[in-house]
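Per-chain residue numbering starts at 1, and chain names A, B, C and D are given in the order in which the chains are listed.
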Amino acid sequence: MLDELKKKAREILKAGDAQGVLGLKRGLFDVIHPHVFTAAEELDSLVTEPKWPLAKTARAILRDRPGDFRLAVAARGCDERAVVELIKRNQIDRERILILGYTCGSEQAKACLCSRPWPEKRVAGDIVEGIDPLADDRVRPYLEGDDRARMERWAEQLRRCIKCYGCRNACPICICVPCKLEDDLWVERGAVPVEMVPFHLIRAFHLSDTCVACGACQEACPAGIPLMTLQLSMREALRKEYNYEAGLEPERTSPILSDFNREPRPGQALPDWIHTMDRKT
Amino acid sequence: MSGADGNKTEGMAVLIVGGGVAGVAAALDLAAVGVRVHLVESGPVPGGRMAQLDKFYPTDHCAFCPLWTDIRRLREHPLIAVHSFSDVSSLEQKENGVRAVIRYRAPAIDPERCVACGRCVEVCGPAAIRPSGAHAYPPVYLLEREKCDRCGACTAVCPSAAIDLERHESSREITAHDVIWAPGFREADISAFREFGLGSHPDIMTALEFESWTAEAGGNKGRVVRRSNGAEPRNIAFVQCAGARDLRLLPHCSAVCCMHALKQAQWVRRRNPAVDCVIFYTDLRTVGRGYYEYALRDIQGSPVRLVRGRPSLIHPLPGGGGIAVKFEDTLTQKRLMWNFDMVVLNGNLENSIRQNALSREALPHLDGEGFITGRDGKASPPACGFAAGPADVTEAVIQAASAAARALRAKRS
Amino acid sequence: MGMVHVILCRCFGELDSALDLEGIRTRLEGHSDVASVDTAGSLCLPGDAAAVFSRVLERGAKKVLIGCCSPFGRGNVLRDELIRGGLASSDVVSVDLREGCAWIHGKDPAGAVKKAWNLLDMGLASLGRAGRSDNVTVRVQPRALVIGAGASGLSAAATLAGLGFETHLVERTAAPGGLLNLISRTYPTGESGPDKLKGFIGEMERNPLITFHSGTRVESVKGYGGDFKVRVVSSGEAKLIRAGAVIVATGARVLLPRGMMGYGSLKNVITQMEMERRFFTGKVDCTAAVLLQCAGARSPERPYCSTICCPLSLKNAKRVLKEVPGSRAYVLHRDIMTPGSVLEAYYREALRAGVQFIRFDPQKPPDILGEEMFKGVEVDDAVTGIRRKIDADLLVLSTPLIPDPENQKLAEILDLPVDRYGFFEETYPLHPVETRVDGIFICGAARWPVSSDQAIQQGETAAMKAAAFLSHEKIPALLQSPVPGGKAGHARADADFCTGCGNCTAVCPYGACRLQKMNGRSVSRVIKVRCKACGNCISVCPNGAMQIPERSDRAVGEMIRRAFREVC
Amino acid sequence: MSATKNVHDVRIIVFACRWCGLIGADGAGRERTALPASFRVIPVECAGFVEPDLIIRALADGVTGIAVLGCHLGGCRFSDGNHPALKRLELLRTLLDTTGIGGRRLLIGFGTAHESHQFAEMIREFHRELSELPSPGTWLAGTMKRQ
């Protein structure tokens, strides 16, 4: 799969479709780091392991390169979806980015609880069946069971947060500068352990309709808190209500940003009276 | 907002008879272009029939919801003078305008001073004082003179000296450049028609009675119950064109009642799915935007049955077992008789011009069927809402602005 | 020393005892934000406002906190007078101590007193942090633009000119009149279509205030209510019209029922429009006409009633009987839609004139007989239950009005919503000709199928609403609001915070947020006039870049924190 | 936190839209309906004004329940501004459910609280439900000391 990717990358560089290819390079002392390959020969040192979210890096590169610089990205499924979300949020110019998609293996999919371990624009690798994250037993204790137990389980996890902002910095969609979590009005400054509810719930809710479930936050968290599990229930709600999944349809803005005429709930009439105490008035 | 330089509207004034939804809309449109308005409203606060409705079609809103914000705009506008408790006693056409005498049936409790603290209600022996409608804006208290035994206890206890039992009628003369008639409709008395059985049983009621009987703001808090014994009805009959499209009384079609019956049936189903609703219609007239789909939603969504045929006899069963409705279902040509727990009569709506214009010469020229349409060639004053012909809320508000435009253009030329 | 003057209403003793106003008064005087505290017997009777004003000016306080009754009671009386007297609406806050506190917690006096203190504290928090949006005023262009010169467009233009406003009338085709040019007689008066518009067209040519642009299309509309910059193109050459108000009167099309009930395959199967052409040319040539209602209407594809087909069909049926001696006319219908007094009388006249009405069940439509020539129909008469065979030599299909295919394009140009049928949609009941963009009004068949009289009437309605705009030289943006009492303010995006994610542009119901390029990155900018301060953009802005000064996050955050604070 | 909750621990913030949500509260007051004094009403222009982050911040500031009373869908004066508001708040309820705090702490009432009896019943029921919910516990109560 790797040499197919290299072959495709060389073609693109030669044909001038892109001036650079962003991928992982095995550099000095076998240290692997993201690198912009500009010459076809350099591509020998292109590698695809380990999993490294490149969408935000691509945005940064495109930001400080001249306007006509086009970048191709060696992207996994979640990277491509993250790039689509960034395009939707006007962070990356659609014409200046090209996706060289390659698939993930089944054990990688199992590790990331990924339901779509393949990109839409696939260049290399063959498609492997994804897994249903909600059925996984690493996730179920955090989503099911009685409220009280669940609250304690989450509290016990979130209490270990040391507010290193690793999750926010790793997330390809978290682009706000300055970020609300640093504002004293929302999260008290200098309090460690952090105020769990504001920090984690505000961050989770901001990503409710944009999270592409790439797992970068969970991998980046030094305390090993299952942060992606926070998003899964909201992603499931959006999929069930509006069959919308972040990062799939570039032309469709998030359904919770528009009214019921433009983004109705399929199969449901306009809910005219809402009383969440489940009491029909 | 003073009038613009462009057109000469300074100093212009228009008299609007009727403070319902059409009158309020016309007043706001005229005031927006800088014309002074005298709005004559017979009730305590503007709102008219729409304020008496619980919900309204096709959006199934609460009827007071869009209305109270417009009434608040009315009260805040410096150019609009609202004459509540008033009606037009005389109206003379002059060459450059109209001279009108407004009779002000002064209420015992002055709405401008009443702070709605309710102390008078506690001390009133014969319970002659009650708060105005649930959503009247601003909330006022009303003293019914016929119940009042003039003991004066309320006057003593009222903190803001708002009550004066001696306050009586007074008249006031105003001149205006034009009159817009918007007195709205009322329910014609069809108790004379024995086949409808109005008055023979508490559970046979007219549409407006049923609306306030099941209103969310009403005494039953939105519950659908029988008026005779308070039990929940098994089925309700909605009888259309009761007294209308009938040369004996009202030759016209009242235009609003098919949709109104569909709305009431829908709301009965929402509040109590166990109640069967049957609508007896002749032509189900659903003509406006989204009206036909509203009707479809009613029929397909919940089993509201439509029967094409006017009942020939509605009679309470002896022994109180409900109300018998004899009818021919003209689509199956079968003559049937069903028992209903409640019967709602729709359709007997006529305009209330005569009720508002008290004297002969105050009456504008009416066409053959009692409406101001100028159909038979004679010039007629601008009119909107039911005064110009049966119309629902949206039509009435459209006619209000066009009547205002006509009144304005007539005076400028 | 604080900047807030607090005035507490004793409401003739209603609040005095229940809330221990004296205790609250002493505590308030110690509050850091408060300049002075007063209590008054009443605040809503004539003369009370003047007393408050004098004390406010005396103390030089900038902001006023009023502890009184509910805004639906008389809580607004003093506040409105203070605002009319010159105080900014964000500097006067009224707190509901009567309905919302003393009366509703009558059984729990301790809870009521604590709540009263908390509510006042929250009022101080919001007053302390309330900024003020800069009040943009719109210089109104004193002329109107009417798109479409059909019945409603002509009537709107004539009414606006009659009210003294310069009007530009833009018509896509060469001549004014729209559908009415093709109507030989209109109901209920029987006047011909062109005669009905003769007065308006004469007014258009005679009145210098009206400029008619034939063969012209609207290409783009920029700006906002009071000052629209409209680019119109006629035969390739573009013009810019600056208008204070725009009226959409583009009318509708009649459905051509291809492939339905023999239309196109059988001779002598025509639509009502062709019937009108026959009446124009006088060649009616038929002995028995069948007029079929709801042809293509009230069906799954077009689930609506098109208002005019029944009365139009009654008129044509009566004319066939009158103009062709010895002829017969049948109207096959599912319901005769003639609501009101005028149309019901028209229906009675048709019955008396001898038109025969046959009702059919929509599930069992009539069968059309004849191979190449229309021979007649066979239909189950729903009322008599017998199957009737009618031989006739003319079938007239009453087809509905359908939205003009260009509505969608014009809707995008004007940024207006269309409803699920494709007609332009009004914003809110009781405002049937207004749209979500202030200053753009809709009337006639572009809004919903209407008869000629209704179209002319709606033209006058839209003109009246436009006149409300054009009769002011300047309109403060804060007063262009869908709610009484003006807007709460306008939203403002902080350019350095904004990352250009576009959430606000997607969620704004008024399209008031637009993304703008600023040194290489896109930043959101709010068109102050279009913004109505509904607050949706604030809720979806991830990092709080979007704020409404009168009600910032800080203010509400502080109010929540003080909501249950112990009384100190 | 004491096992049995006394009435003072229930703290409800009611965001009520000025055009529909607030009317029920005013009616209930005028009819002297006796309600627990555990709620504070913050009037807002539209349900769209209620920021989800503010609700989360309120939960951290010791508020045990939030009610958002808006207009009926299609009844919003701000051209359907309450549609996205409803979608956002329902999504927030899912998040609160996931973390165990309980979506029931966020009550959404669009077009259901304009009558005095509706508002009174809703507040009583919400109060009862919140007093039965497990006490917020230290981690939810966050930093009460920040008053």
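In this text, a contact is a pair of C-beta atoms (placed from the backbone, for glycine too) under 8 Å apart; a residue touches a chain by one contact, two chains touch by 3 or more.
Everything numeric here is computed off the predicted structure, so don't read it as measured data.
With A-D and B-D as the two chain pairs, more C-beta contacts join A-D.
On a Cα centroid basis, the chain most remote from subunit D in this structure is B.
Put simply, the C-alpha centre of subunit A and that of subunit D have 32 angstrom between them. Each chain gets one centre point, the mean of its Cα atoms, and the points for subunit B and subunit D are 36 Å apart. Once the centre of each chain is set as its mean CA position, subunit A and subunit B turn out to be 58 Å apart.
Inter-chain centre distance (subunit B to subunit C, centres taken as mean C-alpha positions): 23 Å.
Counting partner chains per residue, subunit B shows two or more touched chains at residues 59-61, 69, 116, 139, 222.
Taken residue by residue, subunit D touches two or more other chains at 19, 23, 30, 52-53, 57, 72, 74, 77, 80, 84, 88, 111, 118, 146, whereas all remaining positions touch fewer. Shared interface positions of subunit A, defined as residues touching 2 or more other chains, are 180, 185-186, 257-259, 261, 272, 281.
Subunit C meets subunit D in the complex at residues 70-73, 96, 98-101, 103-108, 111-112, 114-115, 118-119, 122, 427-428, 436, 482-483, 488, 507, 509-510, 532-536, 538-540, 551, 553, 556-557, 559-561, 563-566. Within the complex, the subunit B residues that touch subunit D are 59-62, 65, 69, 116, 118, 131, 134-135, 139, 216-217, 221-222. On subunit B, the positions that touch subunit C within their shared complex are 1, 3-9, 21, 25, 29, 32-34, 56, 59, 61, 66-67, 69-70, 72-73, 76, 112-113, 115-117, 137-139, 159-160, 245, 251-253, 255, 283-293, 296, 308, 330-333, 368-369, 371, 373, 375, 389-391, 393-394, 397-399, 401-402, 404-406, 408-409, 412-413. Partner subunit C is touched in their complex by these residues of subunit D: 11, 13, 18-19, 22-23, 25-26, 28-30, 32-38, 40-46, 48-54, 57-58, 61-63, 76-81, 84-85, 88, 146-147. Partner subunit C is touched in their complex by these residues of subunit A: 63, 88-91, 175-180, 183, 185-186, 206, 253-254, 257-259, 261.
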